[in-house]
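For clarity, chains are labelled A, B, C and D in written order, and residue numbers in each chain start from 1.
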Amino acid sequence: MGKTLKSIKMIEQPGEHSYVFSKYIDPIVRVSPGEVVEILTKDAFENQITSGDDVPSKILGDYLNPQTGPIYIEGAEPGDTLVAHIIDIEPTRDWAVSVMKENFGGLTATDLTRTLHEPLPEKVWIYKLANGMLTNNERLNFPWRPFLGTIGTAPEIEAVSALTPFDHGGNMDVPDTKPGNKVYLPVRTEGAYFYTGDCHAGQGDGELCGVALEIAAKVKMKFELIKGKEIKWPRIESDTEYMVVGSARPMEDAARIAYAELIDWMVELGWEKFEAYQALTQIGNLYVGNMVDTYYSLVAKIQKKYVHPGE
Amino acid sequence: MGKTLKSIKMIEQPGEHSYVFSKYIDPIVRVSPGEVVEILTKDAFENQITSGDDVPSKILGDYLNPQTGPIYIEGAEPGDTLVAHIIDIEPTRDWAVSVMKENFGGLTATDLTRTLHEPLPEKVWIYKLANGMLTNNERLNFPWRPFLGTIGTAPEIEAVSALTPFDHGGNMDVPDTKPGNKVYLPVRTEGAYFYTGDCHAGQGDGELCGVALEIAAKVKMKFELIKGKEIKWPRIESDTEYMVVGSARPMEDAARIAYAELIDWMVELGWEKFEAYQALTQIGNLYVGNMVDTYYSLVAKIQKKYVHPGE
Amino acid sequence: MGKTLKSIKMIEQPGEHSYVFSKYIDPIVRVSPGEVVEILTKDAFENQITSGDDVPSKILGDYLNPQTGPIYIEGAEPGDTLVAHIIDIEPTRDWAVSVMKENFGGLTATDLTRTLHEPLPEKVWIYKLANGMLTNNERLNFPWRPFLGTIGTAPEIEAVSALTPFDHGGNMDVPDTKPGNKVYLPVRTEGAYFYTGDCHAGQGDGELCGVALEIAAKVKMKFELIKGKEIKWPRIESDTEYMVVGSARPMEDAARIAYAELIDWMVELGWEKFEAYQALTQIGNLYVGNMVDTYYSLVAKIQKKYVHPGE
Amino acid sequence: MGKTLKSIKMIEQPGEHSYVFSKYIDPIVRVSPGEVVEILTKDAFENQITSGDDVPSKILGDYLNPQTGPIYIEGAEPGDTLVAHIIDIEPTRDWAVSVMKENFGGLTATDLTRTLHEPLPEKVWIYKLANGMLTNNERLNFPWRPFLGTIGTAPEIEAVSALTPFDHGGNMDVPDTKPGNKVYLPVRTEGAYFYTGDCHAGQGDGELCGVALEIAAKVKMKFELIKGKEIKWPRIESDTEYMVVGSARPMEDAARIAYAELIDWMVELGWEKFEAYQALTQIGNLYVGNMVDTYYSLVAKIQKKYVHPGE
């Protein structure tokens, strides 16, 4: 999982963690495009839940999902696109944690989908990480598939909770923000104010109970700026795919955004709008990243070979 | 794509096509469990659109998506489960068709999501099928990946439009109802009244513009009855995966149904409920089958190796 | 509450109640336009729950909401509009009932909004009807405001559950289908196949727990046919208001349908489309009829004086 | 509409308008509980659209809905409730404006409900205010029914766009935030950071095209603090009714929040939870405030006489 060279800048999460994506907070560091950095991230519970006997509601404070940032990107101006190359994710401890939290999750009443039911029970699962597997018991035993649950930039005038995914990125919880991939984010304020955190050692589609395999990590990353190129929603590029993440409620609106923006991307690459619509109808993919956060995040994708058929 | 043996019963779509899943319609044939049959299906437009110059709104009648059925399954009684083994799908013509239809599709106003916009233009794409590829032009050129867009049984007392997916199956438009897989359907009326049709030569997730690669086909299939076993929603089993299809609006309700029913299935297989919830959080998959029909259909799945870890 | 003249046709709910709106069922009676009839309706539980100690899940069968019908309207043909004048609703017993039913209601998990919670408790409230008030105890004490929870015609080819509201009317549960008002319904099959039932002695907006003040009743009604006039969704007219009922999920789609159809109605009455849009923005009303049925029903309305300002 | 006494503090919207509800912005004034103030508000377009020939997309900047605030309330601390008594609203000009804006409104594609349609046309309607009526032409002629479209406090750590309604209040666009009524708002930051603006000369339920009768105004108001009383969502009290505003998407979640919180309020007033659920089922009201903003706002209400039956 990579060796840290001396020359790489190491960015720690400061004592005062950030729970919002915001230009109102002073940057913790300034980074230049092209520079490789390593970013240390705490887990979504600030590393506070450590045992299967812990009771989340008694331990956790009002805020969750602490981010490392804001990171000021030199030269970034509103209207640019910031490209975050995720080079590597290395765990900084040998265990991950998932929990059932009151009024949070995909198959429970929540603060938004209110009911009169008693809350579901709270539960904690600790997973040991060894040999590329995360193991709680013989049934709960899953491979290491790390990605960044939360990654984004500051909105233009708002300060958005680190629990929220939206058009600035944020808490999208989509497994494709992973090593090897590039994440395109809108720059909406001078310096971009980049944040990341909430590393997941693995997660299924939807993040069903609301909490993935949460882990502390060191993320190796490099930034690139595309000057004067504006995007409306976060995009992801892998070696073989173009992807857009849409985040909204109800879930069909997230699906509409993701596919409509992917059409826009294809149009930028030379496609006619309705032909792109037709192509995605027959060969696009659409999966649920999260069905638990304040907005649901869906990923629409198409393989590059269908976008550039002659090449 | 298989040779048809003389002994196989061939079931044609009758002159009077069925546009509802219903016990109120006389069965066109009776089939015994274990018997292999071949079912001929027309395309979703009754084979009426044949040229890129056709204007769908001038050609199509009030009803779409004609089904072959009802097929009476000998011995099927309410409370049983019918298992449809999809053995093979063979095209009966060498072309497929997709269209943009007025007020229908994933990125348009519809009869349910009403707006004041003028309708999108109508368009027809004809694809040639040859060498395992469906080709309209050099950009619209996709592999043969056939499946049954519509498959289901009759509801208990309702007659449900063939355009609707719900807990009886129906027009789910999920690519996993494909050769090699088993589709579990609830039996809610004596004889089950099985229907299928709407063969797709291929489709992306969501069936974005509303119309996949529609084709006429011959489907080889075998039925199995599980007596006294009741299921609430359609299930699919492949060699490697367990899947449930949830169909509802808004889309998050389809997601909830699909995962909740998959938990129920895991509980039947020996899992504790909250442990199954946890497992699906970390290793489940959830994709959008259709985002265009009267209900949206989502498929939740888990690999069998995670359900039966010791085996 | 009116005296029954000898000459009025009395229509009883037959022994074999109807739980679907469907052309596949034989009419129980034929009625001519202009003829005044009285229709007897059972309550939504078939009059089976009679005591506060009853446990609904032990008493109720698979079907609920029995309807009186189909009533064949002489001369009705597809493409006509049927106008049902609700003249009077008279209770046929001196009590009403409401219950909390498992997995049904506005603030509970349901079969569509699935969660892992234990069901809410079952409860029964019996209300005595006297002096124009329905009284369970000193706090639960509400005025007599009767209306028809369910009223509609048969769909063209489907048989729709009596629990479902949609474009044919059905189980809309909107308090404006009340004495003095006219309900416009689409005729989609020869004879219209009219049904009504589910009389409510009163109900708040949304029918929050899922069950209003359910009562058995005698409904005095007269039918009118508007030949060759097609409507897409049910309309209601009072002395002072025009109203449209939209039924869909998510709830915003029901709102869109109701207002879009009300614009269509205003256009029929001479308005320009965007001016009607503007007028409804400033003076329209929109309330929630039900937030508990298979589709949510919303009522958009405008006062006639704003539609016909010079008159 | 009231005479301004010399002793009343007049609060003007500063040159640098506020487009977010936020503790990160310096208060423009400090006000004590009990003090009567007059607040000047600009219209939602900053008073920039003045003629029926204006083209909104050419005039308007990136931000809309300027607020007067933050107003620091002396003594307010997190966990308190701020009560804003709306005493009077007086227009400061004799005309109001409504527009159709691109990709905004209830019957159009939007940035969240994305489609491939061309935008609806832009339109501007100017209404003259005279004799208690707002008049554009003989059809568009509506009574003066003023209320505050936007009213709220700052969130705990976020800075929320002035276009957004949520649990802090904000851009709810519900006609019950009107003179004579009290609006209860949560205090989540020291000083409460109160904002208001977006005065509407009148509006129908749903604010259908997205823009009410927008007007500049002077609002007379008095604040009250309830120390140590925490509320989760905004409440409104009139002489005769208790109301809660829920804001969410999909719309059914807003409905659930509004009624669930109204049950909580009734429980605070001595009711048993399920009995309150039953009472609201039979006598509650639920209307759509807005169906156009980033969240939809619904108002659930009950008449006080049903909450306090013996009194």
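In this text, contacts are C-beta pairs under 8 Å (C-beta built on N, C-alpha and C of every residue); 3 or more make two chains touch, one makes a residue touch a chain.
Bear in mind the structure is a predicted one, so any value in this text is a computation, not a measurement.
K.L.:
Hopping along touching chains only, can you work out the least number of steps from subunit B to subunit D?
P.N.:
1
K.L.:
Determine which of the two chain pairs, C-D or A-D, is joined by the larger number of C-beta pairs in contact.
P.N.:
Output for the comparison: C-D.
K.L.:
Tell me whether subunit B and subunit C, two copies of the same sequence, contact each other through the same residue numbers or different ones, using over half shared as the line for same.
P.N.:
Comparing the two copies, subunit B and subunit C contact each other through largely the same residue numbers, since over half are shared.
K.L.:
How many degrees of rotation bring the Cα atoms of subunit A onto the matching Cα atoms of subunit C, given to the nearest 5?
P.N.:
About 180 degrees of rotation relates the two copies.
K.L.:
Would you mind pulling out the distance in Å between where the CA atoms of subunit A average out and where those of subunit C do?
P.N.:
The answer is 47 Å.
K.L.:
So what's the Cα centroid distance for subunit A and subunit D, whole Å?
P.N.:
Distance between chain centres: 34 Å.
K.L.:
Two or more other chains in contact with one residue: find those residues in subunit C.
P.N.:
107, 113-116, 120, 249-250, 256, 260, 263, 274, 277
K.L.:
Considering the complex alone, what residue numbers of subunit C touch subunit B?
P.N.:
My answer: residues 19-20, 22, 24, 62-63, 112-116, 156-161, 248-250, 253, 256-257, 260-261, 263, 273-274, 277.
K.L.:
Tell me, which parts of subunit D touch subunit C in their complex?
P.N.:
Checking each residue of subunit D against subunit C gives 98, 100, 106-107, 120-121, 123, 125, 134, 138-142, 202-213, 249-252, 255-256, 259-260, 263, 271, 274-275, 277-288, 291, 296, 298, 300, 306, 309-310.
K.L.:
Which positions of subunit A touch subunit C when the two form their complex?
P.N.:
Where subunit A meets subunit C, its residues are 107-109, 113-118, 120, 250.
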